[in-house]
Amino acid sequence: MTPLLEVEAVSVRYDGFEAVTGASLTVEEGRTMAIVGESGSGKTSLALAVARLLPPGGEVVSGSVRVDGVDVTALRGADLRRARGRLVGYLAQDSMAALNPVLPAGLQVAEVFETRDGTRRREARHRAVELLGQVGIQRAGEVAAMYPHELSGGMRQRVMIAMALALRSRLLIADEPTTALDVTVQAEILALAAALQADHGVTFLWITHDMGVVAEVADTVAVMYGGRIAEQGPAGEVFGSPAHPYTQALLETVRGGAEAPPKAPFATIAGAPPAGVIPPGCPFHPRCAHAFEPCPEVVPAMVDTGPGHRAACHLLGVGR
Amino acid sequence: MLLAVLAPLFGDPYATPVDGLTPQGLPLGVGSPGHLLGTDSLGRDMLARVAFGARASLEIAFISNITSVGLGVAVGLVAGFYRGWVEQLLMRITDVFLAVPTVISGLALASVLGTGVLGIATVVTALYWAWTARIVFGETLALRRRTFVEASVAMGAPGRTVIRRHILPNLASLIATLAAFNGAAVVAIGSGLSYLGAGIQPPQPEWGNMLAEGQGAIDYAPHLLIVPLLCVVLTVFGFVLIGEALSRRGAQSLQRSWLDI
Amino acid sequence: MARYLIVRLGLGLVTIAGVVLLTFVLQFSLPGDPARRIAGPRASPEVLATVRANLHLDDPVASQLVTYVSDVAQGDLGVSYIRRRPVIDLVKERLPATAVLAFGGLLVEVLLGGGLGLWDGLRRRRSRVLAAGNVVLLSIPTYSLGFLLLVVFAYRLDLLPLGGGTSLEELILPALTLGLFGVPYYAAVVSESTRTALASPYMRTAVAKGLPRRVILRRHVLRNCLSPVITLAGLDVAIYLSGVVFVESVFAWPGIGQLQEQAYNELDRPLLMGTVIIAAVVVVAFNLIADVVRVLVDPRARVEEAG
C-alpha cells in the first residue's frame, strides 16, 4: 500500500528562524500518526506546512510534501485553492477562534457544499444539518442556526469535524483539538475520530503533547524536539522500547520511572526546551543525561532500531 | 507643520501700518506690491485682515481647547474613579451634551453667551468638553481595574493621590492626542460659528466671518473666499498632523493576512 | 433583549429630558422680551399683557417649566415669532429635504469610505496615499470643503449648479460635501476591521476550506466590518447633523439646518430651541436604532448586552 502522506526532508523557516529541520515521515491511508513534542518543538509548523497553512513569513525552504501523490508544496494559485481542504483538512485547537463569530455554525459547514460542489443553498443546508447529526450533535437543525459563542467547546469541535467531512479531506490534521476540552468531552471527540476513521477511512495526523491522547489514537508516533524528529515508529514499539533519551524522559514524565523517588508523583525533564536558538549538534544534548563527546557538535543521523522504528541518537551508533 | 499653524502670527498685526479695517487701496485688487494677498470689496488689505482674523480665531481655539479638554478630563476622571452616584450624575450630563448637535446648539448658546472672543470660547467649550469626558471616563474605568491601581486603593491611599500618581500619568499620552484632535475641531467649529453669523461680528475680521463675506463674491473675487479658507484648513491640518503623530507613535505594525498564504 | 431595550430607552429619555431642561434655561437667559417680539414694537400695553398671559410669562418659573415640559411632551414646540406658525409644522415641512441630503451623504460616506477602507485593509501595507488623504480630509471643516467643491465644480468648471434648489443635480455637491467629511472615519474603521478579520484564525479556516476569494470577502470579511460601521454611524449622528447645518447654509439647501440658521439670525427663540430639541431626539433615536441593529447583525453583541 502506498502511503497517503509522504513528508520528505522538509525544513520550515520563519524570517531566518528554522522551526523545522529535515523532517521526514509517512502515514498510511486510514491510519493515525501522532506527532508529539513540547511547545516550540516544531510539530505545529510541520503540520501547517503539510496543510499549506503556514502564516505569512513562514515557508518550506526545502524538501517535499506529497499527499495522495500530489506535491502540495508546488501548488500555486487556483490549483492550490482547489486542493485546499480536499486533500488536507485542519482541526485547530481553539475552535472558538477558528469559527467565524458572526456566521451561524450550519452555514459555515454548508458553504463548503455551495462553493465547492455548486450545491443549491437549501440542499447545502440540508446536507450540513445531516453532517452535524453524523458527528453526534443532538437536534442538529437547531444547532445549525446557532452562533459559535452559543455552542460548547465540544460542539464547536464537532462542527469543525463536520466541516472536514463536508470537504471530504483525504488527510485530517488535528492540531491539539482536545486540549481545551474537559476530560469527558475529550474522550467523546477521540471516540468520534475513531468512528470516522472506521466509517470513512479518514487519515489523521494528530498533533499533541499529551501522551495519553497518543496512546489512545495513534498507530504510529513521531517525537519531535528542537525542530527535528528524534524518533518515530509504530506506537507500540515507541512506547514499549523507546530508543531516544528524549522519548524515554517524556514517557517517564507520564508513568513515573523506576528510579523516580516515591514522593515525586510527576517526573520532569530537567532544563527547558530551546527557545529561539536551537543548540548545535543534537538539539537535546544540553538536557540529556547521557550526552557525550559528539553530541554538542555532530547532528545524529536517523538509525533503524526495529521494523519501521527509527531514532536519531549518537548512543545508538555506539551500540553497533 | 508648525509653520502652517503659526504662519498667520508672523504677520504681526501691530507692526503693519495697515490695520485691515480702513481701506488702503483699490477694491478687489488681486496681489499688488502693497497688498500681498490683494484687497477686499472695500479696499481693505487681505493680509492684514487674515492676520487680525488669526488673532481672534486662534485666541478662541486656544482658550476653548484648554478649557474643554480640562473640563472633560476632570469630569471623566472623577466619574470613572469614584463611580456610584457621582458617575451617574456626571455621565448623564455628559450624555445630554453629546446628544445636542454641535452647530445647532452652538447657535442657540451663542445667542445667550454673546459673540465676543470669550463668549464664543465658552460656547465651544460647552460643545466639546463632553467628547473628552466620555473617552477619559472609559480609559479611567479600564485603569481602575488594573492591579496597581486596585492595590493602591486597597492600601488606603486617598483618591486624589491615586489619581495623581497612577491614573493621570497613564492618561497623559491619550490626553495629549485628544487635545490635538480637539484643537482641530475647535478651530473648525469656532470659525464655523462665525461663518454662520454667531461668532465674532464684522467689521472685526475673523476667518469665519471673512468666509461669509467672501461667499458672496465667489463669482468675481474668489480670493476673498480662498484666503481665509486656506487659513482655516492649514491650521486644522496642523492640529490633525500633531494628533496623528501622537496617536501613531509606536502603533505602526505590519499585520499578517491569511489571504496571502 | 427586551430588558436591554427598556434600559436604553430609559437612558435616552433621561437624555432628552436633560436637553429640554437645557433649552428651558437657555430661553430664560436670552435677552429681549418675547411678548414684544410677538406683538411688535408698536403694540399697546393691553395687547402685550394678553400675549404675556397666553405665553404664561407671568407665572412663577416652576409653573412655567411644568407648562413647557408638558407642551414639549405633547409635541408642541411653540410658535415661531417671525413665521407665526407652529415650530413643529415648520420642521415637518423642511424634514424631507434634510432627510434626502442626509441619506445622500450617508450613501457617499459608507460607499466611498467603506470602499476605500476595504481596499486599504486588503493591502499588505496601509496605503500612504489614503492615510495622507484622510489627514487632509480631516483637516477641512465641512463648510470649507463645501466652498472648495463649490469653487472648483460649480464656479471654475461650471459642471454643476451653485445650489439653491433640491433637484438631483443640486444634490450632488452637498451630498458629496457631507459624505466626504465622514469618509476618513469610515475608511479607518473598515480598514481596521478588515485587517483584524484577515489576521484572525477564522480567516485561516475559511482559506483552508478553499473558499473562493469573493466568498471570503463578502461573507467572512464584510460581515465582520458591519458591526463597527453601524456603531460608527450611530455615534456619528450628532456630528453629522452639524455638518448638515453647514452644508445647507453653503449650498442654500432648504432644509432644517437652513431653518436653524435663519432662526438664529432672526432671533426666533421658539424655532431655535425647537430645532435643538428635535435634533437631540433624532440623535438619541439613531443611537438607539444603531444599538439595536448592531445587536441584530452581531451575535456577539447579544452576549454583551445580556451580561
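Should a chain be cited, it is by its letter among A, B and C, assigned in written order, with residues numbered from 1 in that chain.
Keep this in mind: a contact is a pair of C-beta atoms (placed from the backbone, for glycine too) under 8 Å apart; a residue touches a chain by one contact, two chains touch by 3 or more.
A quick note: this is a predicted structure, and the numbers were derived from the prediction, not measured.
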Of all chains present, which has the mean Cα position farthest from that of chain A? B
When all chain pairs are ranked by how many C-beta pairs they have in contact, which pair ranks first? B-C
Per the centroid of Cα atoms for each chain, what is the distance between chain A and chain B, given in Å? 58
Centre-of-Cα separation between chain C and chain B, whole angstrom: 20
Residue numbers in chain A touching 2 or more other chains? 53
For chain C, residues that touch 2 or more chains besides their own: 200, 204, 206-207
Chain B residues touching 2+ other chains are 256-258, 260-261
The chain A residues in contact with chain C across the complex are 51, 53, 81-86, 89-90, 92, 94, 97-103, 108, 111-112, 115-116, 147, 149-150, 160, 163, 167
Of chain B, residues touching chain C in the complex: 92-93, 95-96, 98-105, 107-112, 184, 187-189, 191-192, 195-198, 211, 215, 218-219, 222, 225-226, 229, 232-234, 236-237, 239-241, 244, 254-261
Give the list of chain C residues in touch with chain B in this complex. 11, 14-16, 18-19, 22-23, 26, 29-30, 122, 124-125, 135-136, 138-144, 147-148, 150-151, 155, 195, 198-200, 203-204, 206-207, 213, 216, 238-239, 241-242, 245-246, 249-250, 257, 260-261, 263-265, 267, 272-273, 275-276, 279-280, 283-284, 287
In their shared complex, chain A is touched by residues of chain C numbered 200-202, 204-212, 215, 219-220, 223-224, 226-227, 297-300, 303
